[in-house]
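Labels run A, B, C, D, E and F following the written order; every chain starts at residue 1.
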Amino acid sequence: MASKPISRFPVPDLGELPDDIRERILAVQDKAGFVPNVFLVLAHRPDEFRAFFAYHDALMERDGGLTKAEREMIVVAVSAGNECQYCVIAHGAVLRIRAKDPLIADQVAVNYRKADVSPRHKAMLDFAIKISNAAGTIEEADFASLGSHGFSEEDAWDIAAITAFFGMSNRMANFTGMRPNDEFYTMGRG
Amino acid sequence: MASKPISRFPVPDLGELPDDIRERILAVQDKAGFVPNVFLVLAHRPDEFRAFFAYHDALMERDGGLTKAEREMIVVAVSAGNECQYCVIAHGAVLRIRAKDPLIADQVAVNYRKADVSPRHKAMLDFAIKISNAAGTIEEADFASLGSHGFSEEDAWDIAAITAFFGMSNRMANFTGMRPNDEFYTMGRG
Amino acid sequence: MASKPISRFPVPDLGELPDDIRERILAVQDKAGFVPNVFLVLAHRPDEFRAFFAYHDALMERDGGLTKAEREMIVVAVSAGNECQYCVIAHGAVLRIRAKDPLIADQVAVNYRKADVSPRHKAMLDFAIKISNAAGTIEEADFASLGSHGFSEEDAWDIAAITAFFGMSNRMANFTGMRPNDEFYTMGRG
Amino acid sequence: MASKPISRFPVPDLGELPDDIRERILAVQDKAGFVPNVFLVLAHRPDEFRAFFAYHDALMERDGGLTKAEREMIVVAVSAGNECQYCVIAHGAVLRIRAKDPLIADQVAVNYRKADVSPRHKAMLDFAIKISNAAGTIEEADFASLGSHGFSEEDAWDIAAITAFFGMSNRMANFTGMRPNDEFYTMGRG
Amino acid sequence: MASKPISRFPVPDLGELPDDIRERILAVQDKAGFVPNVFLVLAHRPDEFRAFFAYHDALMERDGGLTKAEREMIVVAVSAGNECQYCVIAHGAVLRIRAKDPLIADQVAVNYRKADVSPRHKAMLDFAIKISNAAGTIEEADFASLGSHGFSEEDAWDIAAITAFFGMSNRMANFTGMRPNDEFYTMGRG
Amino acid sequence: MASKPISRFPVPDLGELPDDIRERILAVQDKAGFVPNVFLVLAHRPDEFRAFFAYHDALMERDGGLTKAEREMIVVAVSAGNECQYCVIAHGAVLRIRAKDPLIADQVAVNYRKADVSPRHKAMLDFAIKISNAAGTIEEADFASLGSHGFSEEDAWDIAAITAFFGMSNRMANFTGMRPNDEFYTMGRG
């Protein structure tokens, strides 16, 4: 079967893009060696692109109690629950690298409850999945459970905000039919 | 029963906030006559606040095929599906005003399928709710249904993006226990 | 968008109705200042009308442990769960009046877990929603939870019976497309 | 395992009951040879008992387009969906007798889609189950489907009202732990 | 309504079948007095037939901690959850006979939580239903609950394996439209 | 985090096993270069092991209309729906090899609707997922849809039987906490 396109919406040429967006994309390309498709797909709407990545960076590059690997673990578990191909495959690659663990991403994607994760990480992902699937039922007992595993109130915010942000991202990726780059499938498996 | 607080997280004083955030809040206060609690609750994290409202404005104040009332109708239907008190009550008020219809917000919040909406708006909300609940199953037939009611491809993006963004907002509001201001309950009912 | 009719079934003229039904309707009109549409819609079937309102009165006007405001709170929470526009909007109005609280109805309709309700009322509504959604799984632990908040066995019956009765009413209202009167939207908001 | 009691609530002695209720119960006993437990369990609340059976009779003994067997078929399918032991077993017995078919009740209880029912009855039960599970999504296409199988608008009301009434009954039976009489299990199997 | 066929796939004549399969079928017929349709329907694929019944016997005729009645109770509860007409009706008959209880099968089929079963059997069926509906969420607490009712680790395997095997059987029966023999409906009711 | 064990049940030594089982396991090891854990975990119960693999081979090595890659595609989609880590990861590896496509397994595991599969394969997987999740609702229209994509009646049996068999396998793997071998993660990605 031929590959699907990277988006069902028009994908702009780099040359057509506003300077700040083109520069961000080129910087990513320099660092990663390729342009992750999420940049090209979302560049269809420059203002939304800017806000999306500002939000992303505020959550994923923030100093705080969660490690980068923990943040990626949340992204993979939530995105799997939302059946988002782009995010599971792309962030699965990042998780393998951040966690220095070639197995963890596939385990978390299929069933985080059975993955090689600590009870602390299991509690973190339980909280994330409850925010993703039934945020209206979150109650103090859920915060208490996080607390008993050493997460602070600010950590809880990080978990919830990453979950909520990638829930948005998952919906946009499914809506646009955003295709993961081939490169992601093998990164960090070595 | 005493009222609940506006957030289970600390709410900053205006005086403590970065200038740009304080100015945005004061500008809203000038226009609305009060500060909607979403501004105060999210100001706990200034970088996320900036990205959130930049995204909000990119979607809700964008020139495009959807009227402002249509955008608010999407917000209310999606937020009701996500059981988000803040967004249903606050955006319900805005919808009443934008649509110049004192009944529409409560109707859409309880069951948009039975509301006084046109077949075109019913199709728009069906698409939004499918993005919200099962984005992984969106398929070409869903786009075709929108198209048959006169929505363009760019309109589809707007519907999906508003749905996805407020899905994030709904999760954060439920997570923080964000309380709607009392003012919203009666706005636009006159 | 033009308003929808009050029922997709024929609505009888008052003059055609059996005397007892017409008299009940006129008495309600005298008291409320208008005829709530549920009376007109259900009058299509006089025998069912009589049984429906006899049942309603047996539950809602019974002396017993629950206050009238508590009964209406149950009706609003259950009807919201069943996406019943008529019952949420009409009984929301009654709840505002009975509870002397202009905010409570909208809060309970969107998400009773986040409403300004006491732990006792939260437990009452949890029980009601479990009866509404999964009565086959009710077990002694659920009765014990009610008891720990001071509800008697007879109170439990009231909660369950009101839930079950309005579950029936919600289904009939959705089936007939029963339209709430415009008057309900603003009652008790003052 | 010892049998469970017929109700977790007190069951009144016939001698204590108001005359009209005792008479109704004795009349049923005369006709059936035993007192179905629903009469004893609901007699705990005489006013609700009267309204319940008035409603029941208005729907189940009404002249109309549906045969008595069809009405019982709806009761069994809906009650099975609601996991109501009393109603499936008691009305299963009545269905076998009304339909003069010893197999139909068990088939409909387990999976009406696979039962020996005509396409017309399949459509009737599809409508009933949609009213039972998702009345808020009923739309004109559902009425049209019934119409295409020869059901009138009044028949649709009967199907919906029987479904809604037994949905209430199912919830009360599950709540009270209403036990089916042993006699029902074998009636009509001959 | 005319009866449906026993399978939507071709049903082989006994004469056409491989000797071992024909002999197994004749042995069952000798013992039961009729050939349960599952043998005829699955004989369409001899290799799968052999594996299916080898598996069945390994689980249902194994020496072990569960009684034969307990195994059938699991089959009936799981098959009811999967809406499998053949398995509920055929194994319901076997359960009545094994448990020497004419009422238990119908009770378990409609709602095992309300059946005349001991707390031990309730725990056994809770475990089975969790394996059937959400095996990915099984955790140590579920094993502990079984253990507290005296089930060994090997008993847990039996419960899970019977559940999993009949989940397969339920899917094949629903897929093929496998019809229960008329004989099953009345067996063991005496 | 330390790796979890390959089963929460005892895993027999090869030396303790019956000869036929040991020989099967050694033959697999010769061919694959390692012993897939499913063989070791299920060897805890030799009779069930024999029936399981006889069934497996009857379905997966049968001559028939489905290619081996198609069969593995069904296994991966169904196992992902059942959150079965062992089956998704092990059969994902086999799918990559059979389909000679390093990307297909991860795509199908996350969301087969968005994978690079033909409309024919999409229809095949839709049928499988319906058998897996709601076999009781399968109807002639589902067979017709398969037929319109060129699948025969016997192909439909294969799809359903593979789905049902792996549904059993998924439940046993989740129950036992069956761990995928590390080797599977990278096979076929080259």
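In the analysis below, a residue touches a chain if its C-beta (ideal position, glycine included) is under 8 Å from a C-beta of that chain, and two chains touch if they have at least 3 such contacts.
Note that the structure is a prediction, hence the values are computed from the model and not measured.
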Touching chain D and chain F alike are B, E
In contact with chain B and with chain D at once: which chains are those? Just list them. C, F
Please determine the option from D-E, B-D or D-F whose contacts repeat those of B-C, over half of the contact pairs being identical by residue number. D-E
For chain C and chain D, what's the span in angstrom between their mean Cα positions? 23
When the C-alpha atoms of chain A and chain F are each averaged to a single point, how far apart are the two points in Å? 28
Taking each chain's centre as the mean position of its Cα atoms, how many Å separate chain C from chain F? 51
Quick check on chain E: which residues sit in contact with 2+ other chains? 83-84, 111, 114, 136, 174
Pairwise chain contacts, counting only pairs that touch as defined: A-B, A-C, A-E, A-F, B-C, B-D, B-F, C-D, C-E, D-E, D-F, E-F
Which bits of chain E are touching chain C when the two form their complex? 111, 113-114
Residues of chain E that touch chain D when the two form their complex: 1-4, 80, 83-85, 88-89, 92, 102-103, 106-107, 109-111, 114-118, 121, 174, 177, 182, 185-186, 189
Contacts from chain B onto chain F in the complex sit at residues 136-137, 139
In their shared complex, chain E is touched by residues of chain F numbered 8-9, 44-45, 47-48, 50-52, 54-55, 58-59, 62, 82-84, 131-132, 135-136, 138, 143, 153, 156-157, 160-161, 163-165, 167-172, 174-175
